[in-house]
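Two complexes follow with chain A in common, the first pairing it with chain B and the second with chain C.
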Partner chain A sequence: MSIEEGAVQAHEAAANAPTAGEYIGHHLTHFNSTGHPQASIIDFSVINVDTLFYSVTLGLLTIFLLWLAARKATSGVPGRFQGAIEMLVEMVAGQAKGIIHEEESRKFVAPLALTVFVWVFMMNAMDFLPLDVIPNIWQQITGNHHAYMRVVPTADLNATLGMSMGVLLLCVYYNIKIKGFGGWVHELFTAPFGSHPLLYPVNFAMQMIEFAAKTISHGMRLFGNMYAGELVFMLIALMGAAWSASGTGVALWVGQVLAGSAWAIFHILIVVLQAFIFMMLTLVYIGQAHEGH
Partner chain B sequence: MNLNATLFAQLVVFFTLAWVTMKFVWPPIVKAIDERAKKIADGLAAADKAKTDLVNAEKKATDELRKARESAAELRGGAEKQAAHLVEEARAEAARIVAAAREAAETEAAAAAQRAKEALREHVAQLAVAGAEKILRKEVNAQAHADLLAQLKSEL
Partner chain C sequence: MEHVLGFVALAAGLIIGLGAIGACIGIGIMGSKYLEASARQPELMNALQTKMFLLAGLIDAAFLIGVGIAMMFAFANPFVLK
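Moving on to the complex of A and B:
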């Protein structure tokens, strides 16, 4: 085979393969209940099957792992697994204790924080799986080579905003529980600027903005980090996809290996850190609901 | 990044998982940790107590040892004193016995000497009479001269 023939073949293969834009666009499209990409920005008749499947599966796995440790928990000498889970529990319990001073609330909020931490970590960690493995398997199973599948639930804004809205609901619940409904409404209109009829609208607007900002930033932060991380993995994968039997091609292939390894290693930090931040903010926001302005 | 009903599903999953953790995971683990903490605290307290006990026991043992040594010394002193006393007594007894024996022997010797003297005196008197008889060649009436003989005997 002459060099020219090889170049022609490579060109044909490239023509059949998706373009970079198509590849990334395909990877960023959810497998949802309609079977085709969602048209409008907001459409509550659609549900992302892949996000829900992976988040529920990983949630169950989280609970199962924690339950495994809880089932055999002994006050005697703990095994390594129990010791590891206990370290987690103690870490979360310590943070919860430092932030939420209400013993009664901690009975629910501390386990919630533990679940959030481990669960979010698991969902983030889906990023470490080779980018194309699960989507390709899914395409083989369905026989549809254009089947959509995203495997990182936290790179879906619905998942992260769903959780941050859960935290918002808890904030409202604890505000009412601790301060009473009247007390909370009073706080909504008199804090942060003070109790004066002229200031009531300003205070209320401020409070609403505060709640909205907290909730949206809470969900967006995790989503943004994981989405960006996923995107970088896709770009790195594109490097290797452009490889050919030329010097530049081999360099691209080596580039994918190097960049992919480096980004994966750095991503370990992001995965754990974002899970921790999500848990800490959950505790902080619920803690704020316990304190009067 | 489209919003859809996944959001609410995720919200429900979030609360469900948290509830399950609260119900079935958190309590046993925290209980185990707390119990172990208590066990360790008890163990440390017991170790402290054991240490104090050990110090006390060591002090007691030293005291006992010292007491035993003292009483042993006392006993030995007593025994030595008693032994000395016994030896002294035995020596005195021995001396007494020796003295008595010597005295008895002396008395006996004196008596024997007296007896020998008496017998000798008797013998000498007879010898004197016999000598006188021979010298005088004359029968001497022993009865008539008994006084004379007795005087002579006492003079010997």
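Moving on to the complex of A and C:
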């Protein structure tokens, strides 16, 4: 065998078995409308098809489950399913009542909070599926073994920032509805520091920073938690992948099982907590829009 | 290039380590205050528990975002041109 042939074979072997960096990079690439990885950080012409598909599917599933509970609801002795949904609805209604005092707004905001909570929970819970199952099935279906697919919609910044911007729009809507357009503009220029012409620019700047910070941190918090969680699952999967490649492999295999179970159990807490926090912050931000300064 | 890789490894360690210090101190202070408060007024325990978990999530978030960024630096290093 010549040196070039050896080099070619080594190169092919390297291409077949991805390195740790390649594996992670591949798993962090979206299946998007362009067909190849997104090149620049911000590119509004790219649509992440996988994020859209999973978020819409899970949203429909959420609606279907809640509709099922509502359709079969009985005033007699409730079954387990109805009981669970009732507890959920009562919990959200209680939180909404504590934060938003307007009866009229609650008719819309409480169901919104319930939708947000269940929907975000379902999207976060996609993290519990074994990391490679759905991407592998997708690669088998398409016949392309390098097909990209990410299954956790909330680990995509586009989805979470989209939702937090929806909340921002609702804040603007309720600000105008409750205080009137004039009242809101008055508040924008006079709110934190007081009504004095010299303070108008400072007040306005503070208000704008507050809105931007609220929206970005709202989206980033959910994204960051889910992204980090997904990455840790990938690292644990890599530990299992290194099993066959090394002599001390069995320890790695045991380590993967232990670390995977431990992280999955801890992740149950994070998934529910982050969905709850997203819901609570939605309520708090919309509640702030109801309060005059 | 090697020294860039070294610095990025150090940075990833610092991001995770310093973030962990902050998050742990925060959670520790909050947990101790929660236990103190619920020992003084056990009837407030349920109301405080919800708020405590909410705050735990808020405190944890900055740290976990840091872990995510550090992991990205470690495995999909944007500072080294390919």
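A few points about this structure:
The rule we apply is simple: the second predicted complex is superposed on the first by the 275 of 293 C-alpha atoms of A that agree within 3 Å, B and C clash if a C-alpha of one lies under 4 Å from a C-alpha of the other, contacts with A are read in each partner's own complex, and residues count from 1 in each chain.
Here, contacts are C-beta pairs under 8 Å (C-beta built on N, C-alpha and C of every residue); 3 or more make two chains touch, one makes a residue touch a chain.
All values reported here derive from a predicted model rather than from experimental measurement.
In the three-chain model built by superposing on chain A, chain B fits alongside chain C with no clash. Residue contacts after overlaying the shared chain place A:227 against chain B and chain C alike.
Shared-chain residue A:127: touches no atom of chain B or chain C. Look at A:162: by the touch rule set out above, it reaches chain B but stays clear of chain C.
Counting the residues of chain A touched by each of chain B and chain C gives the higher count for B. Once chain A of one complex is fitted onto chain A of the other, the partner contacts of A:235 are limited to chain C, with no touch recorded for chain B. By the touch criterion defined above, A:20 reaches chain C but does not reach chain B.
Contacts of A:276 after superposition: chain C is touched, whereas chain B is not reached. Vectors from the Cα centre of chain A to those of chain B and chain C enclose 100° in the overlay, to the nearest 10. In the superposed model, A:40 makes contact with chain B only, not with chain C.
Per the superposed model, the minimal spacing between any CA atom of chain B and any CA atom of chain C is 10 Å.
The interface of chain A with chain B overlaps its interface with chain C at residues 223, 227.
On the chain C side of its complex with chain A, the touching residues are 50, 53-54, 56-58, 60-62, 64-65, 67-68, 71-72, 75-77. Of all residues in chain A, only 30, 32, 38, 40-48, 51-52, 55-56, 59, 62-63, 66-67, 69-71, 73-76, 78, 82, 85-86, 89-90, 93, 107-108, 110-112, 114-116, 119, 153, 156-159, 161-163, 165-166, 169, 223, 227 touch chain B in the complex they form. Partner chain C is touched in their complex by these residues of chain A: 20-21, 24-25, 28, 95, 220-221, 223-225, 227-229, 231-232, 235, 270, 273-274, 276-277, 280. Partner chain A is touched in their complex by these residues of chain B: 1-11, 13-15, 17-18, 20-22, 24-36, 38-39.
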